[in-house]
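Shared chain: chain A. Partners: chain B in the first complex, chain C in the second.
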Partner chain A sequence: MNDKSEREILLSIRDLHIEGFSDEKWNGIVHGVDLDLHKGEVLGLIGESGAGKSTIGLAAMGFTRDGCRIPKGTVVFDGLELMTAGEAKRRELRGSRIAYVAQSAAAAFNPAHKLIDQYSEAPTQHGIMAKSKAEQDAVDLYRRLRLPNPDEIGFRYPHQVSGGQLQRAMTAMAMSCRPDLIIFDEPTTALDVTTQIEVLAAIRDIVEQFDTAAIYITHDLAVVAQMADRIMVLRYGDLVEEADTRKMLSHPEEDYTKTLWAVRSFQKPQKPLAGAGEMPIISVERVTAGYGKSVMVLHDVSFDIHDRRTVAVVGESGSGKSTTARCITGLLPPIEGRILHNGNELPADFRKRSKDQLRQIQMIYQMPDTALNPRQRVRDVIGRPLDFYLGIRGKEKEKRIHALLEQIELEPSQFIDRYPGELSGGQKQRICIARALGAEPQFIICDEVTSALDQIVAEGILKLLFRLQEELKLAYMFITHDLATVRAISDEVVVMLEGRVVEAGPKDVMFTPPHHDYTDLLLSSVPEMDPDWLSDLLEARKGKSMAPAGN
Partner chain B sequence: MLIAVWKELKKAPFTAWFGIAIILSYIIVAFFAPVLTPYGETQVVGDEYAPWTSEFLLGTDNIGRDMLSRLLYGARNTVGIAFVTTCLAFFIGGMAGLIASTVGGWTDQILSRIVDVLMAIPQLIFALLLLTIVGTNVVNMILIIALLDSTRVFRLARAVATNVVVMDFVEVARLRGEGIWWLIRHEVLPNSTAPLIAEFGLRFCFVFLLIAALSFLGLGIQPPTADWGSMVRENATLITFGDITPLLPAAAIALLTVAVNFVVDWMLHASSGLKD
Partner chain C sequence: MWPILRMVIQRLGLGLLTLFVVSVIIFSSVEFLPGDLAQEILGQAATPETVAAFRKELGLDRPPVERYFTWLGNVAQGDFGKSLANNREISELIGQRLLNTLFLAGFAATIAVPLAITLGVLAALYRNTLFDRMINVFTLTSISFPEFFVAYILILFFAVNWGLFPSISNIGPETSFWDKVYRTMLPAITLTLVVVAHMMRMTRAAIINLLASPYIEMARLKGIKPGRVIVKHALPNALAPIINVVAINLAYLVVGVVVVEVVFVYPGLGQLLVDSVSKRDITVVQASSLVFAATYILLNLTADVLSILTNPRLLHPR
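Up next, the complex of A and B:
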């Protein structure tokens, strides 16, 4: 099945245990994982956050993060036992024979040095190439990775290139010493779907060209299906299942793997379009807005959101999705155009809106970590809108907080006195939902509410939002770049590009061709759980000359 | 709560323990000065510049008052006044800083520029100038030093709060329609306290040194109140005779400054989460 499994073993991990220090004691993160990687093979590590994927990835270089240790187990790389080899030996390997590509290239590059200088650092340091040779080599790799202007791009600083380009430059950097093994730690998670494709294709090509072995860490099954020869599913630091990619996709054996596979199956029934005479809850009317006087972010944006409907606003980062939300909430007063609420114009600035107008529009944020005050207990977070808007105090308030917690499926007695730091990501997002519900709004803006969460957790949140919509008759504006989410929850879809609405309409119409060119690009860029998807797509796109975003 | 504090203390390095011990002993001395001292604060009990004897353990000063008694009373006056001044400086500067960052816009501009102007003039010279204008007494001195020192607190409070104000939970509260006081009290202040507390220790040292300097120059705490700064000045002539007595109040100042810094270092280190 997997022809590479016949080849020599490059990396062999046996009975690996990793512990992390917290709460005054060592806690197990990884409990005895075995792993074999053959030369030229790509292994996908997959699991939810906390499964130990990144920790194992780093351990493959004989490295642990601060506050972690490897009490037991062996890591043998090409005949050398890394655990006992000593730091000097390990340093010799890192960068030259084992390289690492981090999740956020923007954070991993040094902003003060040009890309090409950072590229040539490893080869010169390890004495493999002279600097001038390394620079020529960099240009060659930039070209192979299909970066625009390969001759010049290296002389830019990290902030002068886009996220997708930076991630490719990082891959080039990892390749600089022609390593035998590269560890990719969620290299495309922070990117838009349209950009992700470019990076995935580039990574796959270059790994094949140089016959490099790779460990590809991700939580996105569809992505790993394109990249890996073999997949390992991890959970809580244990191996759940391991198989060749095709077998794993078609016949997963363990129940956990099956739930991971099934996670995207949730889809709510689409509601019919609102009648022509029906008053929309929120209308965005010809809004033009920007930061400062000269830079316009939104151009003439109009759409309606009707009672009990979910409108998904999609587009890549920088398309003006969140800015539209800021105009609706009044954080950014539009320069032209207006926002109507039940047919009445809302003051452009939220400071001029009445308490009741503010109450009607609530917002749920992308990062539940920063959306909750770390110094407030759940009781105060949820209780404040009750007190502030509805004047509910004392026993009645306590009762309502309990009711709200039950509504978001958290056991009140267990959670009411916790601080946000004592909650998981999904629980935090549920508390944010409860806070929004406490104001008894008609309309909630959900700004990428699931993108910081694991798939299974995200699915739970989407189901909860759907149930609440039915029970409480809410309208949602759902900002997202994830089309799977759109498919799951929306009634209508608004596609945005560069601050303009490109296409809008009911979901079923939007997901059936013919599409607007950009909608087509967006839709076809969403990875599917088919190992041939990427190859087929690239083949299909070759004919058309479609400029991918980010270039 | 107490257990958590004790746990943290057990991990504290030796320097922090030393600092805490010194600070505690100063506080005890300040509180129990009347009990601990053999003579009164301003009582003339012997000859001028009497040497160290069993009667006067550290000798007497320029008009025959017991050095030891005045040294102990000095803890009460100098440290007490410095403490009150620092608290006041934190109240003024902290409030202004939080308001500036939370309200933003013109309020921030105006407050920040006023602070810039105040900080542009050397602190000691400005304090001397103001004290000569309004007259030297303890209340004036506390107010002036608190005002001048609040500029530093303002800058720190503003910088820390600016990082908090951009968080989504503050935006949530703003969009809810909360007033400025609620924002400051419930959202911003609780998330800015750690660096402010650490700064409190450092500012206390500077205030304390400034008061001592002003007293040494004769514009601080006025005689006959026992104060370490003025005690050094009054007895400075003895230094030329090779007697170290006048340096004892200076040593008391130095020791407290070092102790407070040890504790602040440890607290900063603990809150920053650095390993070594």
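Up next, the complex of A and C:
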């Protein structure tokens, strides 16, 4: 596999230092990283957020974001030193010989222009080909990347195309000038597992076909294992370890690398199904709901959540997971069907529910950044439900806030007066958990609570949630698209597709074949650490016509 | 396309409603003016009988609500009534004046809008440089002076000292187009100086606001030149706020020209309004106020619709 290392060196970075300006001074982000990339080689950069992966990726194009600078180091691309070459020279290379694929294609495509116009911009502006030629070329690449309706899709605006298709269109755009190097910055992180496979396969094919070198940035080891010839592990702006992919997977040397590898080890013991006579805490009964009158998002959805159980609701984006949560909380009154709480029907609209009914159902959200008011101190955030639901004030409230902070494993004296801006992502999510606990609920809805967090931090949150469940006898509804999380924390699993429940049951049953077709597609799409996994899977799926859902 | 049509109709309906409310306000505020209208017009010497007869002729003896609806009904049919001062048809009186005002506003806008947007784009492109600061200082200075002051300074240099343009913008229906342009040059420049700063600063701010977006970074990473990044990638997405601020300024050009028209003795609607107020020609005041209000509402409505149309999500639904 690694005969590419015999080839000529395309990119060579030496002693790269990058600094960012914050708190009135320059702080180091990357501290002296060396990197070599051969022609046609794919290098994986992995690490948690803050490791400096994206910053290094951009530096390979001689680019720094506003507020960053490169005080020291050299970046030599095909014999040209980018740091000293001057902006005009660097701009000539960007888009034509080094291209970039961003994490969120939805944000990185300009909403005001058609895809094909954005495709042909780089070739025409760099004077490589005329617009008509570039457009023909675009259609050809769209076809190679297996986009549906390659002849027409380019004439759509970004918002008219689904996420997975946009990501492929962006890869096509990066290819427009047939660059020697492409920087892929977490290109599949925002996608569903089933869509991710399509994009990964497309990227791998096209990079091989055109013999393009690539730097593949991701935090997902299983993904990088499929894509890269060689892997570099980064942490806090330093190189931890570098090796060929197979060697890195089988024999990681550094302790940090090993913890990354082992992160998915947490698994809570599964509880048995509740007895037939037991009253569920929450019953969703034949709920049909939608936004507006004509488009239904949920069709006849039913499931129960029992005392001290975790029910994981899984499915792709758009499958109706969050809408179900909105029905349970009363934010979206269902059109048909009802929500029962301990056997009693809850008013469909949250405005008609009593304070006590509201208190019993709490939520934790995906983005702790936006779920916390940046102008409120931790004390106010956690104190609010105590005051609002339970009428606790003064000394007693102070005592409860301290107790809650201890419960979420944050030192009260240190954190009680902080603003959300002074907390890390994991700490913010813990504050959100404390806020939910403050209401002393029986039941908490966790909406993708770990998907915005790094794996190690996410594991900490899952462990905390499990501990709290045991201590406080909570029931959870866990909305996620991440099957590893499901495996770690759930007792029962509900699989949703296009607003319907396609399969439901205890976790062990759900994870052992035979599965429903869709569950099978979902499960088999979760990348594994085996570098041959993607090839094997694509081989296995060939013949079987698996229509990707949601596109 | 039909959701857009529905939105336009909705907005139009709202505009009409606003106009109705405004007409009530105009009518009642005139109604609450102290003193008796007939007495004021006829003067102290008039006998009570003549006053009563005049009141009857004006219809002032009828209850206000009834008069309001008669007035509104007539206005809806394009009949604004007659001037109290000289008994001429108001629609005739206002018609030519309104055209003059619109001509001046249009002329000023033709200079001001492209100038402001170009300066805004340039200021965004060369942000935080000397050029950027100079433009800011210059436009802010010009907006900070009162209009009449700017007008007199211009007259001093362009009319008195250099004799380039006339200081009095005297035009009539038979004046030719280029002659009109020549004669209204100074008021147009005055208005331009007054409105350009606001639009230019908004353009600059709206563009700079977008420069941190991922698609701008993407454009830069595609090796696109900075000027093209701004014009092609940032500007189309910044149009909504720019259109709104342009509309407000256009409305100002029509409605707020009173001072400038007086300084340059320009036969526009503002001039007429001032004259009518001093003559207590109430029917004309009502009519001109209503025309001003309608202009304002219509321009804002156009801005709303246009800024929604610049959103590709609405223009090209899935």
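Convention: the second predicted complex is superposed on the first by the 548 of 551 C-alpha atoms of A that agree within 3 Å, B and C clash if a C-alpha of one lies under 4 Å from a C-alpha of the other, contacts with A are read in each partner's own complex, and residues count from 1 in each chain.
By our rule, a contact is a pair of C-beta atoms (placed from the backbone, for glycine too) under 8 Å apart; a residue touches a chain by one contact, two chains touch by 3 or more.
Everything numeric here is computed off the predicted structure, so don't read it as measured data.
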Touched partner set for A:Leu331, first chain B, second chain C, both or neither: first
Contacts of A:Ser302 with chain B and chain C, given as first, second, both or neither: neither
Touching partner for A:Pro385 - first (chain B), second (chain C), both, neither: first
Which of chain B and chain C A:Ser132 touches, first, second, both or neither: neither
Chain B versus chain C as contact partner of A:Asp66, first or second or both or neither: both
First (chain B), second (chain C), both or neither touched by A:Met363: first
Touching partner for A:Ser535 - first (chain B), second (chain C), both, neither: neither
Contacts of A:Ala371 with chain B and chain C, given as first, second, both or neither: first
Footprint overlap on chain A, comparing chain B with chain C: 66
Of all residues in chain B, those that touch chain A in their complex: 167-169, 171-172, 174-178, 186-187, 190-191, 275
Footprint of chain B on chain A - complex, ascending: 66-67, 329-331, 350, 353, 355, 358, 363, 365, 367, 370-376, 384-385, 388-389, 435, 439
Chain C-touching residues of chain A, taken from the complex the two chains share: 58, 61, 63, 65-66, 91-96, 99-100, 102, 104, 107-113, 121-122, 125-126, 156-157, 159-160, 173
Partner chain A, residues of chain C touching it in the complex: 212-215, 217-225, 228, 232-233, 236-237, 310, 312-313, 316, 318
